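In the part that follows, the structures are each spelled out as structure tokens.
Both complexes below contain subunit A, partnered by subunit B and then by subunit C.
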Partner chain A sequence: MESASEPQPVSFDQKEMLRPYPIIRMLSGALGILAGFWTSDIRILFTAALAVSALVVVAGIGRRYAALCLKVFLPLSLGLLLVWGGIMGAPPGTPIGADRIGGLTFAMLVVLRLLVASGISQLCILAIPSHELPQVLSVCGIKGDLLASVVAAFALVPELELRTQQVLTARYARGLSKNRSFFGLMAHIPLLLRPVLTWTLRSSIHRSELWSQRRLIERLEARSSDLRWSRLASIVWLIPACAWFAYAALARFQG
Partner chain B sequence: MSGLQASPSAAPQPPASKQLTLALIPLGIALNLALGTFIHAIRAPVYLDEVGTACVVMLVGLRAGIVVGVLSFLIGGLITNPVLPWFIGTQIAVAVYVYLVGKRGGYRSWWRAVLAGIGLGVVAGIVSAPVIVYLFGGVTGSGSSFLTAFLLASGKSMLQSVFLSGLAAEPLDKTLQTLLMVYLLRGLPKGLLKHFPNSLLSKNGIGV
Partner chain C sequence: MNSLQDSHQLKGIVPRNVTVVRGPNFSGRTDFLRAFAAAAAGHSGNNNNGLGAYVPAEVYNSLSGLAVTVKEEIELHAQSVACLASAQHLFSELGIDHLYGRSPFTLSGGEQALLAVTSALALQPRHLAVDCALEQLDTDFRTATLNYIESARHADATILIADNRLAEYRMASSAWLAVDMSPAPERGAGSLTFPSGMATSIPKPVKITLDGLSFKYPGGADVLRNVSTDLEPGNIYLLSGKNGTGKSTLAKLLCGVLRPTKGKIVFDNRETEPWKAPGQTVAYHFQNPDLQLFAMSVDEELQLGLQATKTAAQPGILTKDSLLALFALRGLLEEHPLDLPFVLRKRVAMAATLAMHCSWVILDEPTLGQDQASIRTIAEVINLLAGNGLGVVIINHSDEFRSLLAKPKTLRLSGAGGLVQ
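Moving on to the complex of A and B:
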């Protein structure tokens, strides 16, 4: 007997509600990204960026998105504001120094468009649980060899990052990288990379044998019909994307 | 520097097996992306995001190299840097360039590799410049953006500034990457290279 206070496991139907049809998911993402690049109204783009950020947090990938914002978008914003607001002092197609506010607005437009595009693409791909990724990609037409490569790449990037960190740590621990000045570190790069590449090739030979023995590619394809998709979730994804796309297209083509 | 000449009588060899090529593609992608983290950890001012692509082109051929380049930047755009997917064209150009230069034995000696690296930098600079200007407004947040800003301040147009800063920064980075690729491939055990019977390797004196 389960007590009333214990958390109930999520039923299959509830999980299904969070799964739009993969094609709809990708189509909504593409429409959203295109609408972002067509929108020139900075207030709408700012609102869209806030909405996408909130959705990214709800989808559980907020930390990764925040790291991207800090590492990529912050320096990009500063650079663009310096170039267009400071040095050029005008948006493209305007004489230098003629419109400083216009230059700053253009810089922010570029940053917000990229921020929205990045958030939407993360929502479309990274929000998919890793065990569902093969099925989603397969339904989207990525099949066979390409599917195996993409799925394996997602799994292998953290593994190889870990391996490179291990090589670096081992060299420090053995006292082989004593000179930590700029030129010392530069000189060590080839020596650090050789064991990583050798491991990569050995691992690929090993994996190819395993894949062949276990018939991995055929099994990946066979799993494509395991999941069920939610019609309601598809509508919830598609309607805002279509609405924003229609608005952006009208605004763009009406001038 | 000596002893790097290729055997002129290198016979055509059968390509690597399909399974091996397939297994190498995700590892090439991971190599491209993980090296970025690695370089970031030692604070080096280079990118090294095309070493995996170049190595895969040399080991298993052009098609696999293009797949590695394109998928690296698509996946990298999702998990490391959203700027990357817009430079997929540069990755394709790099793969094609490495293949064409490799077919002509352009990595047979170190001085040839340096020339090939400078050429690769010029190609990458030309292919990347329109994307940087028209999509990013001239700045991508990398180190060369400061050079772009300096050139803009000196009165050059945006396209000229991005193109010139690309030509200043890319050949150095790409020459380093090319030399690194040659150094890494030459250092691989011959027993390991036997699994990759590619004519590009033998034409460049690697694994013979």
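Moving on to the complex of A and C:
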């Protein structure tokens, strides 16, 4: 580990082909989400949802997206279909029971829009490797303490998940819990809140001390010039986003 | 501690060398190491950027949280390609290259300790302080890590190591030095002392039989394969094996936190399913106390232990009062466990485990962070418990601690996941 006179700096694995300019990434994402909410054609939304799902798989976050779909969108879809297609039997603004198909279509529209928006958000943010996040945000103009806060916020969610699991394990090990079914886990929630919250605050203190002492965020920020952005990837991101946005805007404002 | 002002008062620390910092618990060693690492800021040298790194005993807190894999964690820290190559060489030498693709949070305690030290060294810090993290390493990992630290003693770095297994540091280099910190009892609860004439009230002895026990984590390789053995009550078993061979996993299977993928666990000739009622026959003390403690006060932690097995207060060593006296926790009942220093957190976790009043207790690295006097007391307690019929399994890498235990039997987990007796 003896250092040479001019040590060669470290650079992460370069996947330039997949890396659009950060501004383009965020802009494309914003356009895509807006277009999703402006589109009322269920076939186009369905196609967009399929395309986003495929991209999510290509980006390597398919499993996480699938979990979100199963745990959030599937129950949400069933609930909305039941309410608007079954109970109300009509879309909003229409007399109850007057248009069951319209009610079902409205429910599907809501679900598909949320599906597309969350897929695009995941593509824009979660598909960025965590060690590249400070660099990408830095290029987008988020720097210094604000950068550290934003990165810490992203690090918090997986940590909360992990700590919840740890507290559950500790409760099992200490003979305080036996029921591991879904309902058993639900019953644990009130008992988990305090320890998880306390631990999260402590963890944030440790992490800020570690980051500051080792200057990890500063060093990552400084490495942002090492990252290479791909023009081709930027074009590939921007063109479909612009095209869809233009279509959605025209459809919305020209009736 | 006022940063480096106090540290200069410690004679014997030579810049650009490795120094072993000795001292009893509560001598201010941890504060000193933290201040030492923090004091690096602003001092730029020839080969570093004035960075400091402190590696705590709870190595979990030394992970950046910014990396998805071990490889990324090291890359994140590495000052140069040479540092990366050096870390990679260490992992290859230990035959654990496969860990590079794993999440740092899924590693075993020893592996996390190795990663924490490796990452910190890859920073090429001006000041590096390692606080008891090396105690969690097995002989091979420890030897390789000490040699790595020795080779990393580059021109502008000063390295401090605090550890209670001092004898084992002599092997790394004759150039290394040692300094002593004087005891300051008013700073904390002091070393453990064994109360004389303490009686014991031990739950009903239970014999455990493991029959072809296997386990693998979802999506992972087999951790344990076909483990079969009998564990007789009243004995002390030392569960040994290299870091990452599944010692803690076996402990979690025994206490019922995990369910075996194959095989049977038999309590007193009755096939049982401990995962359906965990923590009733076997109590498990975690290696990292932070993963075990979750109550809002020390008092509550101990009460939870008693509540778990619905034990009525009985005279003896396993009552709350006795445990408080034994682990020197009397004045800390209202404290939040996570506000205490590591040494005390470890003691609270141990006391809470014993308070469960189970027939068996598994202690994972019970001596971690404890000074020599406390280690001797812990050994005495274990000997007393085993002598009265309690079954004890200990996961520990220290030969010195082993020598203090009464007739311990060794169970060694091989790298292939099997048990070698």
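Following the convention adopted for this analysis, the second predicted complex is superposed on the first by the 189 of 255 C-alpha atoms of A that agree within 3 Å, B and C clash if a C-alpha of one lies under 4 Å from a C-alpha of the other, contacts with A are read in each partner's own complex, and residues count from 1 in each chain.
The rule we apply is simple: contacts are C-beta pairs under 8 Å (C-beta built on N, C-alpha and C of every residue); 3 or more make two chains touch, one makes a residue touch a chain.
Note that this is a predicted model, so its numbers are computed, not measured.
Ranking subunit B and subunit C by residues of subunit A touched puts B first. Judged by the touch definition given at the top, the superposed model places A:P190 against subunit B, while subunit C stays out of reach. With both structures placed on the common chain, the touch criterion links A:L232 to neither subunit B nor subunit C.
By the touch criterion defined above, A:H131 lies against subunit C but remains apart from subunit B after alignment on the C-alpha atoms of chain A. Shared-chain residue A:Q166: touches subunit C; no touch with subunit B. Contacts of A:V72 after superposition: subunit B is touched, whereas subunit C is not reached.
In the superposition on chain A, A:G175 makes contact with subunit C only, not with subunit B. Overlap of the subunit B and subunit C contact sets on subunit A: residues 155, 159, 194, 198, 202-203, 207, 211.
Looking at the complex, you find that subunit A touches subunit B at residues 64, 68, 71-73, 75-76, 78-80, 82-84, 87-88, 92, 106-107, 110, 114, 117-118, 121-122, 125-126, 145-146, 148-150, 152-157, 159-161, 163-165, 168, 182, 185-186, 188-190, 192-194, 196-198, 200-205, 207-209, 211-212, 217. Against subunit A, in their complex, subunit B makes its touches with residues 17-20, 22-31, 33-35, 37-39, 41-44, 46, 48, 51, 55, 59, 67, 71, 75, 77-79, 81-83, 85, 135-141, 145, 148-149, 152-153, 158, 180, 183-184, 187-189, 192, 195-196.
On subunit C, the positions that touch subunit A within their shared complex are 37-38, 41, 47, 49, 51-54, 61-62, 64-68, 72, 75-84, 86, 105, 120-121, 123-125, 148, 151-152, 154-155, 252, 255-257, 276-280, 283-284, 286, 290-296, 304-305, 307-309, 336, 338, 352-353, 356. Residues of subunit A touching subunit C in their complex: 1-4, 7-10, 12, 129-131, 133-134, 151, 155, 159, 162, 166-167, 169-178, 194-195, 198-199, 202-203, 206-207, 210-211, 213-216, 220.
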